[in-house]
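Please go over the structures that come below.
Okay, so subunit A shows up in both of these, paired with subunit B first and subunit C after.
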Partner chain A sequence: MSGQLSADVVVIGSGIIGALAARRLAQQGASVLILEAGPRLERARVVAAFRNSPIKGNWMAPYPPSPWAPHPIYVPQDNGYLKQSGPYPYPAEYIRAVGGTTWHWAAQAWRLVPNDVRIKSLYGVGVDWPLSYEELDPWYQEAEELLGVAGADNTGSPRQHPFPMEPVAEPWSMRRFRERLAPAYPVVANTVARNSRGYDSRPACVGNNSCQPICPVNAQYLGINAVEAAEAAGAKVVPNAVVYRIEHDTKGRIAAVRYYAPDKSEHRVTGTTFILAANGIESPKLLLLSASDTYPNGLANSSGMVGRHLMDHPSTSLTFYADEELWLGRGPQSPSSINTLRDGAFRSQHAPYRLDFTNISQVLNVTNDLIKEGVYGAEFEKQLRWRAARQVNVKNVLEVLPNPDNRITLSAEKDAMGIPKPEAHYAIDDYTRRAAEASKTDFARIAELMGGTGLRYSADGQFANNQHITGTMSMGNDPKTSVVDGFGRTHDHENLFVCSTGVMPTAATMNSTLTGVALALRTAEHILPAKNTHAGAMHSGHEASLA
Partner chain B sequence: MNASARCLLLLGLIVTASVHAADSTDAALLQRGQYLATAGDCVACHTAPGGKPYAGGLTVPTPIGNIIATNITPSTTAGIGHYTEKQFSDALRKGIRADGQRLYPAMPYTSYAQVTDDDVHALYAYFMHGVVPVDNRPAPTRLPFPFNIRLSMAGWNLLFLDSKPFTPDPAKGVAWNRGAYLVRGLAHCSTCHTPRNLLMAEQSSRELAGGAVGTWLAPNITSDANSGVGGWSEQQLVDYLRLGHATGKAQTAGPMAEAVEHSLQHLEPADLQAIATYLKTVPAHHDPADTRAVDSWGAAFDGIADQRGTALPDDAEQWSGAQLYDAHCASCHQVSGEGSFDGGLPPLFHNTATGRTDTGNLVMVILEGIRWTDATGVHMPGFAHALSDHQVANLGNYLTLRYGNPAARITATQVANLRSGGAPSHLVALARLAMVVVVVVLILAIIVLWRRRRRRRTSSGQA
Partner chain C sequence: MALDELDRVAANRGDPGDPSRRRLLAGLLTAYTASLIPWALAQPAPHADRGAFTALSAILVGRQTLDAAQATRLYDALAAAHPNFPADVQALLTLINERHVDPLQLQGVLDNEHSPLASLPRAIVGAWALGVIGSGEGARCVAYETALNAVIVADVLKPPTYAYGAYGSWTRKPI
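After this line comes the complex of A and B, so read on.
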């Protein structure tokens, strides 16, 4: 054992959520230490690695896992880190590095719709949240101002104050979708943490269309921006610190955490308050790993719910050729969607969904298709131009209900540090499958309105995963059925909090990051109340600091 | 209605009409004053970042120390609310405050001396009635000895202040005269763009031949075809002043971006046209190093294609210029340096940024980027935090070699120097040395005189 560190608040995980909770606490004067299992990355190296790589379609290529803190990789083949025990695979992707997985996100920064937190009461499915949309609203606002969110008002999520920024410029392809699908389907700008103009010392999006794997110009808010903001507020980050155990004292309070350095030297960090913010898979893994004689099922797990209720957003899709040149690939990768199916009485029967249009350049996909088809020479170029200009794709983003059988457990297999790997048990139920079936009608109608030909539906029963790891440490008022309370405090340990999308009791239909950040800011306020901030004051304060 | 009532009504109408006339005159006067204050860019120095307009507080670094801009709102306690028009005029055009103390020439009164009485009147009206008073007094300026003695500026003014307002040249057209009036007067272009002598006074014989403002170079904007703007069309000059960039020529950065943002872009088209007309006639000053126009160097070049598939060195200090370019620049300026199709992201060739032999501004823009304070925000991110001195030099040399003047070089020492705020000024030491010299000379003179007189007295005694 070497090296003793200590802080008022110890945060495990340096992703966007943990870092913004850390920033807020550091701003209130707490000493804050952030432990990150992975290494520190430089944006320039990631950008150079992507630009220099011959495999542009593999968004994980610029983020190779480190031997001491591996993360799942599936291309060119599964590295076997996230074990699968079925019946349906849960091939989550995430990044263990300073800044976390938002190094390569599409910056979708959605709010819930108000009814998302009351689906048990309203529709008789899932569970209700222990808080209302109205309680979340000011925290959403604070999160949106930190991240620099650009959005349109007509997405079904009410708000008290305006978005920090007007929507990002609409690409031509999305404009054509909007014009041709009206009035059957209103196509609206996505709510994104992407600058439509200069904001917070970062430039506007210039449309490199490489949001995933990396925004090369810092127009999109990343976890690393949050880490830098936390450091500016006084927080300290320890990279390459692989936490493998959380220790409690005789009263059930958390006393310390232990981590390995890459050379497997052991270190112990003490603190007053602990925040677990290591995503919805690594966090429950760590709680389960920390089982003791007093807590034989793992920490925070008297309910037995740690790791359970694993959720995400499965997608099915339709690819087709529009009857006009749309040239996907100009502007951000995911600029627009249809939001009218996120809520409705049908939720008692099947899952709600968003319909999302890709704007990713089709040149690579079409090239691969043509090579597979054996097309070459002049015909190849002709076909490439024709298809790349017209090929489009629409997918659904389906809600999954919380189910205790969908869960993360400890695998019998261990990683290079001797730490058990996580194992996913997952299934997609009929509630979700019925929605996939229902959305086929929408797909067909959209293709019809776009003059679509060459319609290719994703194979029946095949769902793509969207890497929105949700559940596994759900919040609730009842300690028998939930892991944390409405403020993110574990029911079992007074000084252990969870800041993660893993605390969301249901997954709804939108990318989970913004909700995770909003909940984490609320948790930070609960741990150490701010002297002079609420969302309204914050709003005007930010404007002043920009002037 | 009887006659007297009719009279009263008529009188009332006349009074109302004249009141309206006075109102609109005042409004017009205030509006003109506001326009002139914008042309003078008073706000640039007299407003702190995030502070109230004209309330002062901005620290202006100068070679003789930091000068803190004063509150020029009409506050009677903290600003200039108690100034008479005469006192206002003396401050603006002679560098003399209401209390008789001298201003430092960081306030460009040597330029404002050109402003006409009429325009001073409009400016006075605006600052007294159009600006919101702010009762907050910024910290006073404290310069090192001998510059803390403000009276020293009186001597400087004797040498260097031409206090005669602008007189039009009847041989030149209306536009030229208007342009000359603005350039030499309110727009105070020479404050930055005219080189200064050892005593920090503008060298009038080298008008607009290029000066320094902090760590930035204010380039030669004389009519020289290579070193200056002789090769620019008037329309390109107008574009530059209005938009902050002229396609295929240059874009503003540093203090010039501020001048465009706060002042020049708001000027009437006719005034910008007049400025362009005048600039095209400013006597050429040629730098022999500029063997062709500074905006004519370079061409599109892809220096990266042949490096694809080559692994990047683990140590980023070892990255080549092309690799640094790929990682930091190519996402906006494109792989061949051609920028975006509409010029919104500028090409790096045919660009003064890479065409000058003085590479200071290229280093500065890599370090600091280009940032406007309005809603457009960051026009280019800075890389001071991401690149070492060696990397900036390496990258900059790639840019000048491939897209600019291949004779232009950047060294890591130069980058370190600019990063830390530029070479320290020796002006304070020089001034002190000069004073010591003067005192020594005086003492010697007194001794010599005294001895001569004594000798004379002795000899007369002997006589």
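After this line comes the complex of A and C, so read on.
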């Protein structure tokens, strides 16, 4: 055992959620240590890696996994890290690196709609959350001000205070959707962590149209911004620290965590409070890995719910040619959507959904299609321009209900460090499939209103995944059916908290990051309230305890 | 075969190219293929193999001008990745020359005949249009900003990661 570190608060995982919880606690005077399994990345190198990549349609390509902290890769080959037990594949993508998976995201920073947290009471499906939308509102606001969120008030999510920024300027393509789909479908600006003006020393968007895999100019808030903010507040980050075990004492409190360095040297970190923030797959994996004689099913798992209720947002889509030149690819990638189907009485029968328009340049896809079709000669250039100007896509973002059979378990297979790989057990039920079927009517109507030709629906029964990993450490008031309480504290271990989209009891229809951040800020406040004189005392008692 | 005829075709199209260089490339073509790429006849062709590649490339991607430096880079990369590449290029060019195959019909003809050359057009067009040589784990990128799929739309779009313009410039009608 080499090296021994200690801190008031030990955070496992340096993604946007863990880092912003760490920042808040460090600001209150706590000594905070963030352990990150992956390496530190440089933005410029990621940009270069994308430009030099032969598979530009695969946004994981600029983020190759480290041998000591692998993450799932599927293109050009499945690296076999996230094992699949079926019956439906769950090919989740995430990044193990300092800053985490929001290195590449579309920066969609949505609130839920109020009824999302009461679907059991209102619609007889899923579960209710242990807190109300109104309780979340101030934490959403704090999260939005930290991330720099631009948005409008017409998306169905009420708020007490204004957005930090006006919506990002609407691309021409989205304007034409808005004009032509009205009044049948109101097309509104997405709520995004993207600057519509200079904000927090970061510039306004200049339309690089590479939000995924990387914003080259820092106009979009990323996890690395959160890490830098945490460091500025005094938190320390240890990269390449692969936590493989959480240890408890005889009273069931967490005493320490152990990690491997890339050379597999072992390190132990002690602390007063521990926050697990390693995403909705790696976090439950770690809890399960930490089983002991006292907790044979893993830590925080007296309910048996750790890893269960895995949810995400499956999507089906329609691609077609509009009857006018729209030229997707000018401005940011995900600017607009239809939000009127996020809630309604129909939720007792089928899943709600959001309808999302892409503004991703179609040039790459069109080029690949033309080559596949063997369109050569003068027609190649002509067709490339015609299709790139007119090809558009609309997709649904479907809610999945919590189902204990959908889960993450430990695989019998191990990674290069000898740590069991995560294994996904997943199915998409009829509640979600009925919504996919219902949305086909919307797809057809949208295509009709846009003068669409060459309609190409995604194959029946085939869903794309959206990497919104939720539910695997659900919050709830009942320790028998949930992993953490309404403040993110594990029911079983007084000083172990979870900050993750994994604590969301239901997935709703919105990208989960902002909700995960809001819940984490609320957890941080619960651990160490702002302006609490106790904070100073706690700090003085532990200062200089970092090695 | 008629260099004179080629010259006439070129002249009719107003070819401003250097006749001595033009003949190098022109010598690889028939009147039919020359008619597909009249302006491309002015492309430099340092030797027959590279000339055949340039001519075939111009026919496949339907471009009248191709960047010479990029042609060299792509030829070298393709030749390294494909055994027998120069001979296959010559063979495909000869097939098009002799049978007057419309580029739009070419892939269908090769596929129907189970031609050993059937994979060649996609490899060449993929190299020019995407800047990518090969596929799967062996694929590599040799061009991005200068790949034809960026060049062809450069009046409207920037390649992803390059700034479109000042904030809000994308609100305007594209063309």
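Everything that follows uses one rule, which is that the second predicted complex is superposed on the first by the 530 of 547 C-alpha atoms of A that agree within 3 Å, B and C clash if a C-alpha of one lies under 4 Å from a C-alpha of the other, contacts with A are read in each partner's own complex, and residues count from 1 in each chain.
Keep this in mind: a residue touches a chain if its C-beta (ideal position, glycine included) is under 8 Å from a C-beta of that chain, and two chains touch if they have at least 3 such contacts.
Bear in mind the structure is a predicted one, so any value in this text is a computation, not a measurement.
Residues of subunit A touched by subunit B versus by subunit C: which partner has the larger set?
C
Tell me the contact category for A:Ala44 with respect to subunit B and subunit C: first, second, both or neither.
So A:Ala44 only meets subunit B here.
Quick check for you: in the superposed arrangement, does A:Pro183 touch first (subunit B), second (subunit C), both or neither?
neither
Just subunit B (first), just subunit C (second), both, or neither: which does A:Gly418 touch?
So A:Gly418 meets neither subunit B nor subunit C here.
Per the contact definition in the header, classify A:Gly124: touching subunit B only (first), subunit C only (second), both, or neither.
Neither partner.
By the touch definition at the top of the document, which applies to A:Pro296: first (subunit B), second (subunit C), both, or neither?
neither
With both complexes overlaid on chain A, does A:Asn52 touch subunit B (first), subunit C (second), both or neither?
both
Quick one: is A:Pro529 in contact with subunit B, with subunit C, with both, or with neither? Answer first, second, both or neither.
neither
Under the stated touch criterion, which partner chain does A:Tyr199 make contact with: subunit B (first), subunit C (second), both, or neither?
It touches subunit B, and subunit C stays clear.
Across the two complexes, find the residues of subunit A that touch subunit B and also touch subunit C.
47, 51-52, 54, 197, 204, 206, 208, 216-217
Show me the residue ranges of subunit C that touch subunit A in the complex, using the header's touch definition.
Interface residues on subunit C, with respect to subunit A: 36, 59-63, 102-104, 106-108, 111, 121-122, 125-126, 129-130, 132-137, 139-141, 144-145, 148-150, 152-153, 156-158, 160-175.
Per the contact definition, I'd like the list of subunit B residues that touch subunit A in the complex.
Listed in rising order, the residues are 50, 304, 307-310, 312, 316, 319, 323-324, 326-328, 330-332, 340, 345, 371-373, 375-381, 386.
Considering only the defined contacts, which subunit A positions touch subunit B in the complex?
Spelled out, the residues of subunit A in touch with subunit B are 42-45, 47-49, 51-52, 54, 195, 197-199, 201-204, 206, 208, 216-218, 544-545, 547.
List the residues on subunit A that touch subunit C in their complex, please.
47, 50-56, 76-77, 169-172, 175, 196-197, 204-210, 214, 216-217, 325-327, 329-331, 361, 363-364, 366-368, 370-382, 384-385, 388-389
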